[in-house]
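Both complexes shown next keep chain A, but they swap its partner, so chain B is in the first and chain C is in the second.
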Partner chain A sequence: MKRALGIIGIFVVILIYSAFFAENFLSGINLMQLTTRTALYSILALGATLVIVTGGIDLSIGSVVCLSGIMTPWLLIEKEWTPWQAIPTVLAIAAFIGLCHGLLITRLKLQPFLVTLCGLLLYRGIARWMTGDQSQGFAGEFDDVRAIALAKFTIPGLTDYRLPATVIPMVVLATVIGLFLSRTVWGRWLLATGRNESAARYSGVPTARLITLSYVACSLLAGFGGMLFIFDIGSAQPSDFGNFYELYAIAAAVLGGCSLRGGEASIVGVLFGVATLRVLQNTITLAGFSSQIEFAVVGAVLLIGVAADELIRRFAARRLERVGAAASH
Partner chain B sequence: MRSEHPTLLRVCGVGRRYAGVTALAEIDVEVRGGEVLAIVGENGAGKSTLLKILSGVVQPSEGRLEVADAKGALHAVELDGARDATRAGIALVHQELNLAENLDVAGSIFLGREPSRFGWLDRTRMRDEARQWLTRVGLSIDPSTLCGTLPIAQRQLVEIAKALSTQSRVVILDEPTSSLTARETDRLLEIMDELRRDGVAVVFVSHHLDEVLRIADSVVVLRDGRKTGELKRGAFDRALLEQLMVGRSLATAERRERRESAQVRLAVDGVVGAHRRRRAVSLQVRAGEIVGLAGLVGAGRTELLEAIAGVTRHEGRVQLDGAELVGDAFARVRRGVSVVPEDRARHGLFLEDPVAMNLSLAWIDRNSRSRLVDTRGETGLVGRLVARMQLRPAQPSRRVQTLSGGNQQKAVIGRWLAVDPSVLLLDEPTRGVDVGARAEIHAEVRRLADTGSAVLFASSELEEVLLLADRILVMHEGAIVGELLAHEATELAIMHLATGGRAVEGTHA
Partner chain C sequence: MNKLISLAALTVLGSTLGFGFAASSATNPVAGDLIALQKERIAAYKAAPKKRPHVAFVSNGVADFWTIAKAGAIAAGKSKEIDCDVTVEFPGGGLGDQKRMLEDLVIKGIDGISVSPIDPTNQAEVLSMVAEKALLITNDSDAPKAPRLCYIGMDNYDAGLLCGKLGREGCKGGKVAIFIGRLEQDNAKRRRQGFIDGLLGRTPDATRYDEPNTVINEAGYTIVGTWTDSFDRAKAKANIEDVMIKNPDLALVTGLFEYNSTLAVEVIKQNNKQGKVQLAAFDEGADVIAAIKEGFVLGTVVQDPYGYGFESVKVLNAFCKGDMSLVPANGIISIPAKVIKKENAEAFWKDLKAKIKAGKDAK
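== the complex of A and B ==
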């Protein structure tokens, strides 16, 4: 929680700025859209967090989003599968992708960066080839299934804001993953593995299994997220759907206090990291900045956040050293 | 005849302290051209420090170095780094060979002083000259071979060729035979002999007294950072060297009353671990028994312990209470086999994490309800362990990296004591640990054995082996070469076996 304070602060500042300077920011429709987007990106970022905690990285998230998001309408409309067949198949494929990543990393000892970089190219390529690079959508059908992402719940007392259903998977997943990391033996061991894999192995932690599991979870969440994204937007192009989503997910995790060295995570921080990036993007559009500048702003905020975090950490370490020195004399 | 050879290098009253600890004191050594000088001593006696001073890698805190000029007159010098030493005609061949693996042989011999023409590498000249130096060390390989593809013995010869090519008159070898086979060792000794005949001064450190007896013209014996003997050929033999190396009277701390039962807890049968000499090891540890593995660095003790713990793969069988142990460390820890590794920062601790996390890591597995950590129990456990291990400061939330070496080691051991292991393996249990913490660690290990656990530990310090072990197994070159009961063992007997001496009366190998 302490680790999340910095990003919560940044979030509040940006939120206040947006409320004052971005036109229509506080309108119900904008806030609903913002909530939906935050929830969807959170699912990806939570998966990225599990991998980052082990000291690894997953660059293939965006492509898995694309593959599963494109496959879902493709199977339903082109191949005329039922949702009961299509949805489990897509999720199984996503999990299998993660399993392959995990095994390549733990058994063949390949570097996570390389394995998932190849995945980034591979899965998008497959998605484009499978669909003949044609846009895929639901053609107005399957509204009942799409309701998973589109449904909104009325909150008593609020007229123009209704709570998007995507908040449910976000809250459930964040809670489960948060409890997993802090309260279960496997979660503790996953953190230990990220901190010092060798020491974890000597201590009887099944490090290879845990790392594999984290990649499976990450890809599965990317697959699930991709599905929700397509339910939300209705149709997408295989060539650009999900582009850069892995970077948003990683950026959010880092902003939220995860160290890329592994061993540290704050689930609350990650959620605020995602929300910050979403609000920023939203505000850039609404406040009349040129939308081309979005990446530059996100990059700058990320850099400032990470640099500040490092400086604070150094300051704390130095203070601790002084205290330690004083105590031992 | 040899006394005609000039003194090339002399150290006078040299000493070296590290952060208040004396590593070396009052050393006088003379290195003569045309002589082979051996430096021997136990682990930690100061041999490496002395070599580093001779080769300019570290500077002495006191005393001075004198190097002969071309006319043979000695001048005091300050060697600041290996470059200065090279200029003074001194070359060090490291124990861990540091040839760049991606360079070819000629390239690494001339690394940093490549012959050039108009700014371009003169590869022809490099190769021709390299070939000459290689011939000098009896190596007939193509100078354009990549170093990474050479076997260790040849890489070592390349390093010696490199040393000669810098016109070095003093060649210093740090444990040159530690990675060589018997035949390669013979070859190296021959080359040392040839160098000697050419008037080069050869200085080498060795754990193998056989080699020292075969080749050395003079021997300097170090113990606890001091010189305990300097002997010329004819004046030393194995027994005398062993005695000078060990020397100190045995510590008279009380030895534990043997309490082990007849029940064999840990049985190791024909285990071949990751040791490069790959020899099968068999041993047994009974319930309540503490067995010490003695031997020199590189004897294969760490590899054996890691194999038993399941950290590395092995051939052969390991049994716990008669049932075979299979699988990785995860499976074996759950069966009750725990290992305290030698390098605690790399393999033992989560330095950036709090003491509490480091202590409870194994315990939470045994004491969870449907995989949920019993956080209240965890807090209690950590409190009890901090008190039991007398961790100072007694703050469970403190990062482990802020603790002293002794307290860090207590944290690693405490992690295992929390789960009452059936077998506790310890590799150098008190390395870098102060005297007080050492006594506390020994007491905890004894207490664990008293509850019926089997303890197997490796230590390079003979004193510790004699103090802690009920029974001592001596390892040499990957195999167990002797067994001694603690009450009849002496440092001398252990050192004799550990340096490759044959078993004598009183030992049953």
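== the complex of A and C ==
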């Protein structure tokens, strides 16, 4: 939680600014849509976190989002599969992709950057080839299946705001991953692997299996996220769907307190990291800024957030050293 | 020995680079020279027509729109009176991808290329390179300053005007928002300006340009802005949602690229704004046509991509036989846009499906 304080602070500042300067920011419908977007991107960021914790990186997230997102309507509409066939198949393919990444990294000792960079090109290429580069959509069908992402639940006492269904997987996944990392032996082992893989391995930690598991989870979540994205958007084009989503996921994880060196993570921080990026994008539109400045603002906030986090950490470490030195005298 | 080989390799590399540089600086002719050069080539073809020309059709991206154009291009190549080899390329990775494809086609020895340039102003170099080695024409989006022999397509300003008039007919005033993938390309700029001028009932003037970030208050309409998304559909959807929240009294939206209109239909439906927020659409997205039939979208302005593909191949083939008679004096072969409303939506949809199928099956 301490690790998340920096990003929570930044989030609150942006929230206060938005509340005052962004028109209708606090309206129920805006908050509802912000919740949906945060939930969707959170699923990708949680997956990215599991890989970053091991000191690895997954650059293929956006392409897995594309492949699974494109495959879902393609199987349902073009191939006329039932949702009970299509959804498990797509998720199994995503998990298999993660397994391949994990095995290539741990058994063949290839660099995660390289393996997932190849994946980035490969999966998008497959999606484009498979669909003949045609945009895929639900053609007005499968509203009941799309409700997984589009349904909203009424909250007693609130008229404007309804809870988006995408919050459920976000909360469940964040809780499970949070508990896994902080309360289970395997979770602690995963963090230890990220901190110092050799030391963890010599201590008897099954590092190869854990790293493989983290890549499987990351791709599975990217696949699940891609499916939710297509349910939300309705149609997508294989050549651009999910482009750069890996960077949003990695940025949110880092902003949330994950170290790219591995061994450190805060699930609460990651959720706030995602929310910060989404609120920023929303505020730029509502406050009337030019949309061209969006990337610059996001980049600047990311840089400020990471720099502030590092400075606070150094300050805390020095203070701890001073206290320790004073106590020893 | 190794040193000698290295020295020789360096000398060869150095002289190649030197020659390349000298050649590129010496042969960087202006557009007029390159047009003259291409005309000379066509004149030479008159004396010795190319037996079976190989021409290419290059899109500016990947979409159903281009699949239909592909069907037209392939059909033209196979037709008895044309009879030439046709290569169709869809660059999915933006400017860089399109540049690479054009370079590769030229290296392959293509006779002529019809391209829809993504950013004509900044693609002068690659378009000149094509014109130096092959015959260059443009389709869909023009590059008037490039050394192209002609442009095939509609005038995007006129199509924008049609869309603006559609909006003006269905919405008598109020707040209006414009959504578009990107504004770099010529067709996007002209289409947007045409929409604004048509909506506001201005005297048409294709040279007019309203800045995208300024609010326009005119003729009872307030155009609150233009939002781009760089083809990220989640962002495109978020843009529409956010603008509707910022402006709860929004009266009219337009999506000037196909998916912008499709997403506008999606957002209008999800927020139960049917009939409250009007949509003047562009292109032939399935959801847009369905919404027109349902009656909550005013209509859509569609182009004839099949015609772009067919005419491109026909014109390039004629050039390779030494015939320039298909090109009018102004260099524009116009294939006008049309408006699809509730009454003609069904017939249009059937014809479109048949063309898409032909494009997918085309080899």
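Rule of thumb we're sticking to: the second predicted complex is superposed on the first by the 326 of 329 C-alpha atoms of A that agree within 3 Å, B and C clash if a C-alpha of one lies under 4 Å from a C-alpha of the other, contacts with A are read in each partner's own complex, and residues count from 1 in each chain.
Rule of thumb we're sticking to: contacts are C-beta pairs under 8 Å (C-beta built on N, C-alpha and C of every residue); 3 or more make two chains touch, one makes a residue touch a chain.
Remember, predicted model here, so these are calculated numbers, not experimental data.
After superposition on chain A, the partners chain B and chain C are accommodated together without colliding. Contacts of A:Leu26 after superposition: neither chain B nor chain C is touched. In the superposition on chain A, A:Ser235 contacts chain C only, with no contact to chain B.
The partner of chain A that touches more of its residues, comparing chain B with chain C, is C. After the superposition on chain A, the angle chain B-chain A-chain C between C-alpha centres rounds to 120°, nearest 10.
In the superposed pair of complexes, A:Leu158 makes contact with neither chain B nor chain C.
Residue contacts after overlaying the shared chain place A:Val185 against chain B, while chain C stays out of touching range. Legend: residue contacts after superposition of the two complexes on their common chain; A:Pro206 is shown touching chain B, with no touch to chain C. When the two complexes are overlaid on their common chain A, residue A:Ala307 makes contact with neither chain B nor chain C. The minimum CA-CA separation between chain B and chain C in the overlaid arrangement is 7 Å, rounded to the whole angstrom.
No residue of chain A contacts both chain B in one complex and chain C in the other.
Contacts from chain A toward chain C in the complex involve residues 22-24, 27, 29-30, 33, 37, 40, 128, 132-135, 137, 139-140, 150, 229, 232-241, 243-244, 281-282, 285-286, 288, 290-292.
Interface residues of chain A facing chain B in the complex, by the touch rule stated above, are 183-186, 188-189, 192, 195-196, 198-206, 209, 263, 320-321, 324, 327. Chain B contributes residues 309, 311, 328-330, 332-334, 338-339, 341, 346-353, 357, 361-362, 364-365, 368, 371-373, 375, 393, 399, 402, 415 to its touches with chain A in the complex. Residues of chain C touching chain A in their complex: 61-64, 67, 90, 92-93, 213, 227-229, 231-235, 237-239, 241-243, 245-246, 248, 259, 262-263, 266, 270-271, 285-287, 290, 360.
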